[in-house]
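Chain nomenclature is as follows: A, B and C, assigned in order of appearance, with residue numbering initiated at 1 for each chain independently.
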Amino acid sequence: MSRFLMPPPARNARRLALRLGPFSTRLAVRGLAANLLLASYLLLVVWLGLSLGSRPIPLATILAWLRLEQVNDTDSIILGSLRAPRLCLSMLSGAMLALSGALTQHVTRNGLADPGLIGVRSAAALLIVALILAWPQAPLALRPVVGLAGGLLAGLVVGLLARGASPLKFVMIGFGISWCLSSALVILLASADIRSLQRAMMWLAGSLEGADWPAVRLALVVFVPTAIACLGLARQAELLDLGAATASALGINQTRLHVACLAIAVLLVATSVSVAGGLGFVGLVAPHMARFLPRQGLAGRLICATLIGALLVMVADLAGNVAFAPIRLPVGISLAAIGAPVLILLLWLRRNRI
Amino acid sequence: MTSRSADPPTRSRLTAEALSVGHGGQAVVQDIELDIFEGCMTALLGPNGSGKSTLLAGFARLLPALGGSVRLDGSDLATFPTRHVARVLGLLPQQPPVPEGLSVFDLVARGRFPHQGFFSQWSRQDEAAVGEALALAALADLADRPVETLSGGQRQRAWIAMVLAQETPLLLLDEPTTFLDAAHQVAILDLLRDLVRRHRRTVVCVLHDLNMALQYADRLVFLKEGRIRHVLTHPSQCDGRIIEEVFEMPVVSLKHPQSGLPVFLPCASRQPEARP
Amino acid sequence: MTAMSSAGHSRERHALLLMLSVLAVLAILHIQQGARPIPATVMLDAVLSPDRDAFDHFVILSLRLPRASACIVGGAAFGAAGFLLQVAMRNRLAEPHVLGLNAGASLAVVLVTTYQPVVLPDILMPFAASLGAAGLFGLVLALSALGSGRFDPVRMVFFGIALSALASALVSAILILNEDTLEQLRFWLVGDAAGGGAAAVWSILPAVALGLVAGCLLMPQLATFSLGESISVALGASVHRTRIAALVVTALLCGSAVSLVGPIGFVGLMAPALWPRLHQRPSLGAFLLVAGSGAAILLAADILALGLLAPTELPTGALTGLAGAPVFIWLVARRLT
């Protein structure tokens, strides 16, 4: 525990060269080990998430179900249409939010930037709620598109208003935009008729109650390509650490890189909002937690933050389900209850670096 | 120590033609005509605000030419792809940031970016270049140290090693010795001269210390108020008149007892105050 | 009221008179608003010689008048709290909602309503809410000062927001786990002045009055703050004690207002921003002016909430948020230059 509380000593990253034909790369051994450890935690939480609940399911049954073998009908339905989609959705939305937060924090060189916090999320939510209210039968895939438009618009407004501002002030302006938009959202909801309102409210609470396979598919379709793009961009983006002049001299087109990274970040948040509603704190907290693990390149750090984000949301959802059973807390609430203290602790530990 | 290259420089690698460069459409340097010759160390000198760094940024394509052009081996620099420029021109900016938690080795390895691709992320050439750069900058022992724990001189050497790992024939350095004490300044300048003499690199650097520049540079370019005032092809051509004109400061001229090159000291004030 | 502002400040007196007349007009507009049109003469009649049997009189006396007075009392308390906070912290961005006082008060109200550790008479609820507000705000102050040893304004806002989010999450969790409380507090939570009727207004009036009087008494000492801390020390003001007293009064005002009209934000930010150069010269008159403006803002917001999409009623807190957030952005952006 005391090791966690100490600000991390800058560890030298022992690295391993890996070469295979034309392919060659360099791996930070300890960072890789940390990421593998996180991945194994992820598997552990997947197992917990599938087996815990009002009807506990033993591991043997889960494994049999995963191998597509015959299991009894009740278990099969619980796993296939309740727990598995919910788990996948919580994993993916957490991963998307964390990846987006880590990317934004790196590119804007601002430890407090999180597109989920500074109005992008509210704007995406506002437009998606408007869509749900105006056209309840709209296809699910339209939601991230609409959310993306709103998110990009909000990001643009915040960026324009806060040009040249210090990191904290940038975030302040983002908060202002966010408040404005959430007030507009409340007004929109209050003026809606009650039936479509229920749909919107359920989605808005950041609840995973409505999780189903189409939502998971949608999240996957966005997450996989963007994650690959992020890893591709990471090699260029990590040079931004060296300052604008050096990055240019090393052959980076910074305008294009910034636009690409921020667009990806907004797309990820918009998708996450459209499938799982408003989940706070993940994008802000996960990248900071990743900094306490051994040093590695930006690509490794992004993977690390993504894994932590997925873990955070899954654990929060699990805790919300189990803590007050049979009542389930929406994941947005348990996430805030976990995330806010963690955030405050992290900010305090890193207070001199923000 | 005085063995200067006797043969005249052969070829101009980088040429400014009627070049104007500035920020936000406002030209800071104007009508620059300058050749940077291969295998030479060229020093840009001038008072504060004379446009030395701006000119260097124009050469490095950090700032676009507002008028005229920069030519790299005869072709307009603006037409080259970014990556190609990055393999030819290396740049050390003024006071580079201290990246958090990066080891010296990792910092130097980042200089390899222009030579890497999505598949070839760490080839044997990359490894060899980084090793050589570390050895040149005498940093092999510190390779695993985090950059933020280094002293100012070591940090500057680490950054120079990063630029060296880029393996560019041309190096542009913006005040590489500012904020360093005399011993560290000499170490950096020795390293730069070594690069020019033994490795046939072409170096352009903005220097603040006039006397250091005179001892090390092959060619001196004096700027004032955004224009080139004098281009000297050998430091021995420098005299007090030029210095007084460019820096607007009365100086006395001396000769370095070893190199025989000129050294300039500010005149003592006319009415020295009585010491207590 | 005009007698209170000293004789020399004629501009301040004019502003106060202007504000009072605007307040009166808004109050009349507010009372007239509703599904049932009631002529002004009947309104006057209802107030002067109430007739229990007349339906119009009943509507005015037990529905519309309490709501209007709730807006006036709550708005005045929010406005005064915001101004006190800004002067005491020397920070234009300080606002009860932003710095977590509202969330703390809500949490306290929800906790007390749900778990009832002691059965509180209505008149003590504002004080419980104030305790919550003070508690959370104390935490915000402690956290923002821990790193640097001083109250960095922007850091304070950041921690205020983070702790507010935590408190609201707890409130939501409690409400989801206890449906009775949810039923009781659902509308109050989004900032709704319709709430408790005349009884609720009467029960918080003592707390608000106490807070306003204390604020008036503190104002002359706080006025020296605007000259900078070292000068105010030289002038003999006990900076530390005065600041703490001001924060306690802020918590009291804010807690009372929250327990009446719910966690409505940004009134305390907008009310002082209406009057230019108020912060350079904080005085008793300025304090009263801001309190009155707060009341006017909340009345106006409530009129819009009732009338904008009639018969659908909008939450008042959303309207003040919509108008107040841009003010916040403007204040932040202006400090950049």
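As a working rule, contacts are C-beta pairs under 8 Å (C-beta built on N, C-alpha and C of every residue); 3 or more make two chains touch, one makes a residue touch a chain.
In this text, all values refer to a predicted model and were calculated from it rather than measured experimentally.
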item	value
Most central chain, Cα average position	A
From chain B, the most remote chain by mean C-alpha position	C
Whole-Å gap between the CA centroids of chain A and chain B	44
Where chain A and chain C are represented by their mean Cα positions, the distance between them in whole Å	36
Intercentroid distance (Cα basis), chain C paired with chain B, Å	62
Touching two or more other chains - residue numbers and ranges from chain B	none
For chain C, residues that touch 2 or more chains besides their own	none
Where chain A touches two or more other chains, by residue	none
Chain A - residues contacting chain B, complex	8, 10-13, 15, 17-19, 22-26, 232, 235-236, 238-239, 241-243, 245-246, 248-253, 295, 297, 353
Contact set on chain B toward chain A in their complex	57, 60-62, 82-83, 85-87, 89-93, 96-97, 99-103, 105-107, 109-111, 113-114, 116, 118-124, 126-127, 144-146, 148-149, 162, 166
Chain A-touching residues of chain C, taken from the complex the two chains share	93, 143, 146-148, 154-155, 157-159, 161-163, 165-166, 168-170, 172-173, 176-177, 190, 265-266, 309, 312-315, 317-322, 324-326, 328-329, 332-333, 335-336
Touch list for chain A against partner chain C, complex	112, 161-162, 164-166, 168-169, 171-173, 175-180, 182-184, 186-187, 190-191, 280-281, 324, 327, 329-330, 332-337, 340-341, 343-344, 347-348, 351-352
